[in-house]
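As structure tokens, here come the structures.
In the two complexes that follow, chain A is the common piece, with chain B as its partner first and chain C second.
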Partner chain A sequence: MAEITLTINDKEVKGEDGDTILNVCQKNDIDVPTLCHFDGIPDMGSCRICIVEIEGSGRPRISTSCTTPATDGMIIQTDTEKLRGMRRNVLEFLLSEGNHHCMYCAASGDCELQDLAYRFGIDYIKMPVTPSEESTHVDSSQRYLVADPNRCILCYRCVRVCNDMAGNQVLGISNRGSKAQIISDMGENRGESGCVSCGTCVQVCPTGAILDRRSAYMGRKTEVDTTKSTCLFCSVGCGNEIISRDNYLIRIEGDWDAEPNKGLLCVLGRFSPLYDECRARANKPMIRKDDQLQKATWNEALNAVAEKLKFTDKDKIGGLVSTHATTETLKLFAKYSDDMGAKNVGCIEGPISDPPEKGFDLSDLNDADLYVVVGEDLSEGLHQVVGFLIKRNLIERDKRLVIVNDEETGLIEFADKHLKISELDKAIELCKDAENPIVVYNDEAINQVDKMREELADNAKFFWMPPGINSRGALAAGLDGEFDPDKASCVYVMACEAGDISEELLSKLKKADFVAVQTSYMEPWDEVADVILPTTIWAEREGTVINMEGQELKVNKAVDPPKEVKAEADILNALAEKIG
Partner chain B sequence: MEKVVEEVLNRHNNNTSILSVLKDVQEKCRYLPEEAISQVAEGLGVSINEVYEVATFYSFLSTGLLGENVIRICKSTPCFLKSCDVIVETVEKELGIGIGQTTEDNKFSLQLTNCIGACDKAPAMMINDKIYGNLTSEKVIEILKEYK
Partner chain C sequence: MPEKRVVLKNCGVIDPKDIESFISNGGFAGLKKAMDMTPSEVIQEIKDSNLRGRGGAGFPTGLKWDFASKAKGDEKYVICNADEGEVGTFKDRVILEEDPFSLIEAVAIASYAIGAKEAFIYLRAEYHYLLENLQNAIDQTKDKGFLDHVNIIIYEGAGAYVCGEETALIESIEGKRGDSRPRPPFPPSEGLWGKPTIVNNVETLMNIPRIMAEGKEWFNSIGTESSKGTKVLSVSGDVNKPGVYEMVMGSSLKELVEDLAGAENVKMVQVGGASGRIVPFENIDTPLTFETVLGAGGVLVFNNTRDVIEMVKKNAEFFEEESCGKCFPCREGTKRMLEILERLTEGTASRIDLEFLEDLSETMALTSLCGLGQAAPNSVVDTMEFYREEYESRVNDKVKV
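So, the complex of A and B:
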């Protein structure tokens, strides 16, 4: 790209063709205040705070730096008395139009509007304070967030991320002028709208107009700890930031710098772990006595398990693992099973198919012109962020989505075609006609995909949605076999958070002579376990996982586990020592 | 209703201009009910929120049911300077409704609008498609009689 030279505040600086004036300023550490600008989403110039003076033939022209392209030779001032005055006016207008009594606002201290008001010395407002009458309805209908239009400055950040980034197309702005207001769909309450609770809007709002219910008033950015980690709830492996305070989990945010998701998260990764997980924590070792699980010491519990494992015929030993575990732990589990000669070992999600030979990168989704989704739902359950990445691409009119599924799936309303599995040939034809088709599939659709692969060979990319979070880690550890509960009389389960277990498997485990479960939560294992070994949850874990793309991602510990809870690997090692 | 919207959509074929489709739907249905907005969104392959944004942005489009005759009084600067508030008051008094309201017999709706391009005849108003300029209270009363 061609280099351009500008003069900003009397200093010569460099930029690139295609930069906005704001881009050039930021690259050169020239501070320009912004409010509606947000890295990663297209600028629209709605707040007018970032104005600069551009010299020309007549009087200097005042323009918003975030939307004005920088050109070679431009002469710009970013901080004149005139600009400061205008910025103060803009701030006063914004402040006078809403309820900005900061004392009562959860965003106080973390609010970009407040920061600017301090910076520009707004200690009183000359204009009458006139919150628009229309916008007094605080919308608390959504389970995880509260929207207060009285604190909204119409920066459109939430609208832009909901539509263009997460592709959910829920938020918009109704009316105009002083009546303008953020709406969901056609003005429905957000909880009754098409909102999918991805929470991207909460994360970008510069003021207190959208708040995460749970973490409101629980600590400002300067008072909390932020730990970058990886979401452990599906195989997208979204990068997240775990926000905690005094070892207490407050909130989960998306990591804007993380590759697979670039800041996006879905409800399962952002909200569910802290709002919806209501199972009792396993926080003490327990042993079943007189048909009741009773508290025990670690020593007693480990001895009980070691004893059983030592004296059970190795063909009767079964091992069941959850892919919530890190690759390191899975490898350790595989090693110890091998050492004991136990062969009946597999993942809770069942056997894992072979990953596609060719690797793939989620960012390739942006280059495709046809998406064929086979077997997966992508709108609820796992891999929702993949659904977002597809949906946001569909805004471009020449991109199409085809669903191959006998059931109705959530993405159908965005799809151009919904085909039955028996119509697979049609999907194959469409792929042949497309320039850059991508087939998104899961293990349920493996037969259809094999057929597509045969016919399309290199003419389509295949994106595999593994059944478990760290299925690739399990593959790397050699844990891709199937666990057969009928053949095992002594079963060791490394469950981590896993709780969604089929009734069938549970009833079979009940029949086994002995079941030891290393788990974070009591349910549903308290029904079957003879020994419970309490272990960490996602935020207490350390290690790596391998996501669907095959990327190794770092999982970092944000909080310490409760006193009697041990890390997965520590338990396995202690047990191995006892068995000898 | 569904038929009407379908017809409009067909007429516009692949033309994806939300505004012109909504304008035609409003002409046929007198306003833009939610079902019509959903149907337009579906037909044009855009999201509902986007169509709703357009439907609420323009003063000539309405998401609420309007009367048989829609009176739109201009509130832009020239008309404002020429005391359009007097015109508004007169109409309000004559019809017994306020801005944004519709008479009980559904004959009239009263709205304010941005510039209608009749600044040379300020203060001005529109009734349905017809522009009336250089208004005075007396003139307004006379004009309204025609529609009553």
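So, the complex of A and C:
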């Protein structure tokens, strides 16, 4: 990139070819106010707050710095009396257009419009306040968020992220001019629209026009704690920011700087952990007495487990782990199982197939021209963010999506073709014709993918969607075997948050002589456990996980666990000590 | 320097349904000549002719083509802007109705010049009745073998004024909501589907076959130093003979309005439709050129019985209705502007309102994203200059500020 030199506010500054004027200002710590701009989403130059004066022949030209390319030799002013006056006018327009009684607004204190109003000294408005006559009902039909068009400034940030970043194509604009409004689909309530609750719109809204229900009025950015971590709900390993206040979890946001997801999250990572998790927390050790789980001390509980493990034949000992656990904990579990000679050990999700030898990079999805999704759904359940990353690429005219699945999946409405598994050959042909095909698959489709791999060799990239969260961590720990409940009479389960357990497995566990469960929640383990060892949840955990790409990602503790809850590794170590 | 028929040469002369009548009147001479030249020679010819855009902005046509032809990319597009949404403008309609073949010939030349294999004619929704006529012209031209190098597609608009703005028009053809895009990038480098694209007005294109056939010297001999050729103008309002007139560039507004259209007791003339500038009667001798007043060629005449504020308010209503709403100063400015004008006509406007009207007009003109918002205050600004007393007399000093 060639270096360019500009004069901004009478100072010489450097930029690079390809920068906008705003880029150059930001690089040189020149503070240009913005409103519709958001780092990472394409600029549209609609708010006109970032205007600057560019000198030329005649009167200086006024342009938006976010959309105007910087060129060598430009002479620019960013803060003249005239610019300030026009910015003030635009802000006054906005403030008089809607309901901006900040005192009653959940965004107050974190609102970019309010900040700008202070910055430009707006303490009264010259024009009468006349909100749009269009019906502007507050849309509270969505489970997790509330949209209030009366506080919307039509910056289109939400529209741009919903369509261009998350690829969901839900949000749009109805009507023209001052009657324009953000709508979902063709004007449905958002709760009844195709909204998939990824929440990206909430995260970018500069005002109080979209609110996360749970965290509204719970604290401004300056009053809360923010912990960068990794989402522990599927193997994409999205970077997140856990927002808490006084050790209380408020909200989860996507981390714009995180590699796999670049700010995106799906409902499982953003909303479900705080809205939908309603199981009772396991918050004290318990031992089953008279067929009832009863409160015990840690010492009693650990002793009970240690006794059993010590005196059970090693062939009769079973180990079952959840991949919600960090790699460090999984390795510790594997080590202690080995020490005891226990071999009947495996993951709750079942055996893990051989992963592709090399990792892959989710950012390669942007370079593909054909996506073939085999077996996976990607629209609900796990790996939704991979679905977003594919869908957003489909906006480009020459990119295609092919689904190979006997079932209907949510991605089909975005696909060019839906093939049955028996038509795999057609998919292979399409891959051969494509320049840069990517095959996305999971373990259910392992046979089909083996065939594709054979025929396509290096002509396609293969993206594996592991069955668990930290499946690669489990593999690294050597936990690639299968747990057979029929062969175990004494079972130790490291469940963490895992709760989606098959009836079959539960009924088999019920028949075992002894079951100890190290778990965050009572359900469903209270049915089968003889001992409950309460352990942390995602926000209380510390360590690393390995995501689907093979990247090692850091998990950080945002809040302290309840008093009697112990970290996974501490429990394992304490047990090992007792067993000796 | 009165009327002269260059663009309208065939109008009323040929049978618009029959290619033979067009050919026997000199049709396709320009295209044939162009096809014997290299594309860059064609572009040079247009550059040297000094033809400038007739859609309102007056951008040099040859230069626009040159940018697109030099822009990287093997897919390029030509778009003929037949959206003609400007108030009081109906000159393109007459052309489309009476001489569709010349337009097809022009699109064929433009496509050859920049190397476009696909061209679009963006037809205003209200001109749907012309679709058949136009398609028929394309089909007949194709049958004659004149369109082997380009596929011409008619795209019907959806009835929004802003879709006449070239970037909004492009969004609309792409199947998106017709909102303007920020420029740069300009369409000749990144237009339809991100590919180099030229957008030209119907009348601009109509000049092309003439220039190719008659030569650049001939074209340069018509008009003034910096405004060459003729301009087709549609005159309406308080005139005896409303209609379409083709005038040599530099002719005076008086000639058009009084001598030809027969206007009497003129108070003011708005040239360029609702977004046009206001010429008060004392300036009626103003020549029609790019440097003075012109716009897209809609000429609205107001006689002494007309109320200035009412007329400006009508304009404001139009813009309030037509603003796409994407950029803040236009979306809110058009609404506020209308409110103040309403207060003025109702007698509830305060003195502050006038100040604010001026301030707001400047903000809109200087900061709006596209020409709609930039030009929306034109009639306010001009009438506040020429008819200040009419504004002053409407202010109600009893209104508390």
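FYI, the second predicted complex is superposed on the first by the 579 of 580 C-alpha atoms of A that agree within 3 Å, B and C clash if a C-alpha of one lies under 4 Å from a C-alpha of the other, contacts with A are read in each partner's own complex, and residues count from 1 in each chain.
Assume a contact is a pair of C-beta atoms (placed from the backbone, for glycine too) under 8 Å apart; a residue touches a chain by one contact, two chains touch by 3 or more.
Just so we're clear, the structure is a prediction, and the values are computed from it rather than from any experiment.
Undergrad: With the two complexes overlaid on their shared chain, look at chain A and say whether chain B and chain C clash or fit.
TA: They clash.
Undergrad: Just checking: does A:P60 make contact with chain B only, chain C only, both, or neither of them? Give me first, second, both or neither.
TA: neither
Undergrad: Output check: A:M127 vs chain B and chain C. Expected answer is one of first, second, both, neither. What do you get?
TA: After superposition on chain A, A:M127 lies in contact with chain C alone.
Undergrad: More residues of chain A are touched by which chain, chain B or chain C?
TA: Touching more of chain A: C.
Undergrad: Scan A:P356 for contacts with chain B and chain C and give back first, second, both or neither.
TA: neither
Undergrad: Check whether A:D185 is in contact with chain B, with chain C, with both or with neither, and answer first, second, both or neither.
TA: Only chain B; A:D185 stays clear of chain C.
Undergrad: Touch check for A:R397: first (chain B), second (chain C), both, or neither?
TA: Touch status of A:R397: both partners.
Undergrad: Is A:C47 touching the first partner chain B, the second partner chain C, both, or neither of them?
TA: It touches chain C, and chain B stays clear.
Undergrad: Looking at the overlay, what does A:G410 touch: chain B (first), chain C (second), both, or neither?
TA: neither
Undergrad: Could you say whether A:I173 touches chain B, chain C, both of them, or neither, answering first, second, both or neither?
TA: Both chain B and chain C are touched by A:I173.
Undergrad: Of the listed stretches 39-47, 93-101 or 111-119, mark the one in chain B with C-alpha atoms clashing against chain C.
TA: After superposing on chain A, the stretch of chain B hitting chain C is 111-119.
Undergrad: For chain A, what residues appear in both contact lists, the one with chain B and the one with chain C?
TA: 172-173, 175-176, 397
Undergrad: Under the definition above, what is the set of chain A residues touching chain C in their complex?
TA: Its residues touching chain C are 43-49, 51, 62, 64, 67-69, 85-86, 89-90, 93-94, 97, 126-128, 130, 153-154, 156, 172-173, 175-180, 397.
Undergrad: So in the complex, the part of chain A that touches chain B is made up of which residues?
TA: My answer: residues 163, 169-176, 183-187, 194, 397.
Undergrad: Applying the document's contact rule, which stretches of chain B touch chain A when the two form their complex?
TA: 16, 34, 37-38, 45, 47-50, 52-53, 56-57
Undergrad: Under the stated contact criterion, what part of chain C meets chain A in this complex?
TA: 160, 162, 177, 181-182, 184, 193, 320-336, 339, 352, 356, 359-360, 362-363, 366-369
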